[in-house]
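Comments concern the structure below.
Labels A, B, C and D are assigned to the chains in the order they are written; within every chain, residues are numbered from 1.
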Amino acid sequence: MISHIMIRNKVDIRVRYAETDVMGVVHHAHYWVWCEVARVALMDVMGYPYKRIEVEGFYLPVVELQAKYRASAYFDDDLSVWAEIQELPRSRVEIIYAIERQGKRLFDGSSRHAFVRKGGGVCKPPRAWLEVLMPYVT
Amino acid sequence: MISHIMIRNKVDIRVRYAETDVMGVVHHAHYWVWCEVARVALMDVMGYPYKRIEVEGFYLPVVELQAKYRASAYFDDDLSVWAEIQELPRSRVEIIYAIERQGKRLFDGSSRHAFVRKGGGVCKPPRAWLEVLMPYVT
Amino acid sequence: MISHIMIRNKVDIRVRYAETDVMGVVHHAHYWVWCEVARVALMDVMGYPYKRIEVEGFYLPVVELQAKYRASAYFDDDLSVWAEIQELPRSRVEIIYAIERQGKRLFDGSSRHAFVRKGGGVCKPPRAWLEVLMPYVT
Amino acid sequence: MISHIMIRNKVDIRVRYAETDVMGVVHHAHYWVWCEVARVALMDVMGYPYKRIEVEGFYLPVVELQAKYRASAYFDDDLSVWAEIQELPRSRVEIIYAIERQGKRLFDGSSRHAFVRKGGGVCKPPRAWLEVLMPYVT
């Protein structure tokens, strides 16, 4: 049984010159950096800043990614980058992303993350991390 | 009906310090830069260097990505990055990637690309580009 | 004779995870990306957005850089990145940077830029670009 | 009294697509990543791989940079990136860089580095590190 939750947050990103390439648009790798910025901000809002995860002896590396790039982003664009958790994770944490420019969807993606102990192996999400998600269970 | 082809190439990548992050491993976004290096080298081997695509008035942007990150890569690792085309593309070009360190698989991924005319929209793969793939049809 | 001017602007930068390296701090190359963000914002404030330079047929590439790195920046730090023009340029444009975290200076740097015509060579700063600087001459 | 030494090494770099920007050339920040690749290779040749510095409890962060960008680099260019030590360091280590494409000089730069103890402050270069430089004293 999956527990559905709903926690969602948006960050504003202004495209940096260094994020473009000779094609004249943002290079596809940089979208993942923005998704990470949105993921970190989501955890701030959730009440468990990403830094706390590392302080408590864990990492949260990416284990899977997928994305559809629907339209290009350009230098100096003002973008909205959404990050969302839809399910209370039992092992892997899934984050869903959407990137928009003035309501136009540019990108849909998702990442899956494993909790890993520093110097150790994969583990379940720490209880304290799950507890802060409880108020968002629907 | 899908025409199966087989063209595959490997590049050697030595992990750069700048590609690591505070987690002590390579940041996940950089794998896509290596995949791109492998994709460019694959087109060299295929006989249609990527630069020629742009000279002839096209771009080949990423429209989809997916990946599984199986194990970490570290500073100064010597990696093998494989890129492969398995099907003669009718519209989108799919490239399959595998990254290994001394035979250990670290990453599996794929990207899909659309041919786009400069200043224009999505188009089919140019005939000349398909023709260089013909010798690889199995 | 040098005309002294004074135009200065600050941008707020929150350090991204992807900007760190295995040393546990921000990799030195990323400071230049932040300086560029601050330079672009300075030109917005000055009334001549960087994009307009390119629309009018010019580029403004870096021709010289120098920097002192005084203290490390860390993931999630809130930084102030200052960019400043101190002299009305006759040929090269010089921008001075300072990066601080809560009043502590982390970085001092400068860049020099040449105006270059697209498809052409180095040229003087366009008259329209100099004119927007005139109100700042002291 | 300065002890002059001479140790110099070259790495071959092929410009990656992701290293370009919308100006159509390599973004200036990436040159520092190549200089770092050349610096790491120089220490391999010198007989004291960079990784050993960290294993022995030190870091070697950048404390100063300077550069002149003389000509642009483009996607797929084959570049030679030289790194050189000219003086036996007493405190800071200086590395001199030159980047060329088929004999044409694109970039001159230098970096200065401090030895820092992990979790501690600036220190002198470790004796073992200096000793491997001794055969290069002229």
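Here is the rule we go by: a contact is a pair of C-beta atoms (placed from the backbone, for glycine too) under 8 Å apart; a residue touches a chain by one contact, two chains touch by 3 or more.
Given the structure is predicted, the values throughout are model-derived calculations rather than measurements.
Taken together, subunit C and subunit D share the touching chains A, B. With centres computed as the average of Cα coordinates, no chain lies farther from subunit A than D. Centre-to-centre separation between subunit A and subunit D, using Cα means, comes to 35 Å.
Measuring from the averaged C-alpha position of subunit A to that of subunit B gives a distance of 24 Å. Subunit A and subunit C have CA centres that are 30 Å apart. In subunit D, the positions touching at least two other chains are 17-18, 22, 25, 29, 32-33, 36, 75. Those residues of subunit B that touch subunit A in the complex are listed here as 22-23, 25, 28-30, 32-33, 36, 54, 59, 61-69, 72.
For subunit B in complex with subunit D, the residues that touch the partner chain are 14, 16-18, 32-33, 36-37, 40, 49-51, 75-76. Per the touch definition, subunit B reaches subunit C in the complex via residues 17-18, 20-22, 24-25, 27, 29, 74-75.
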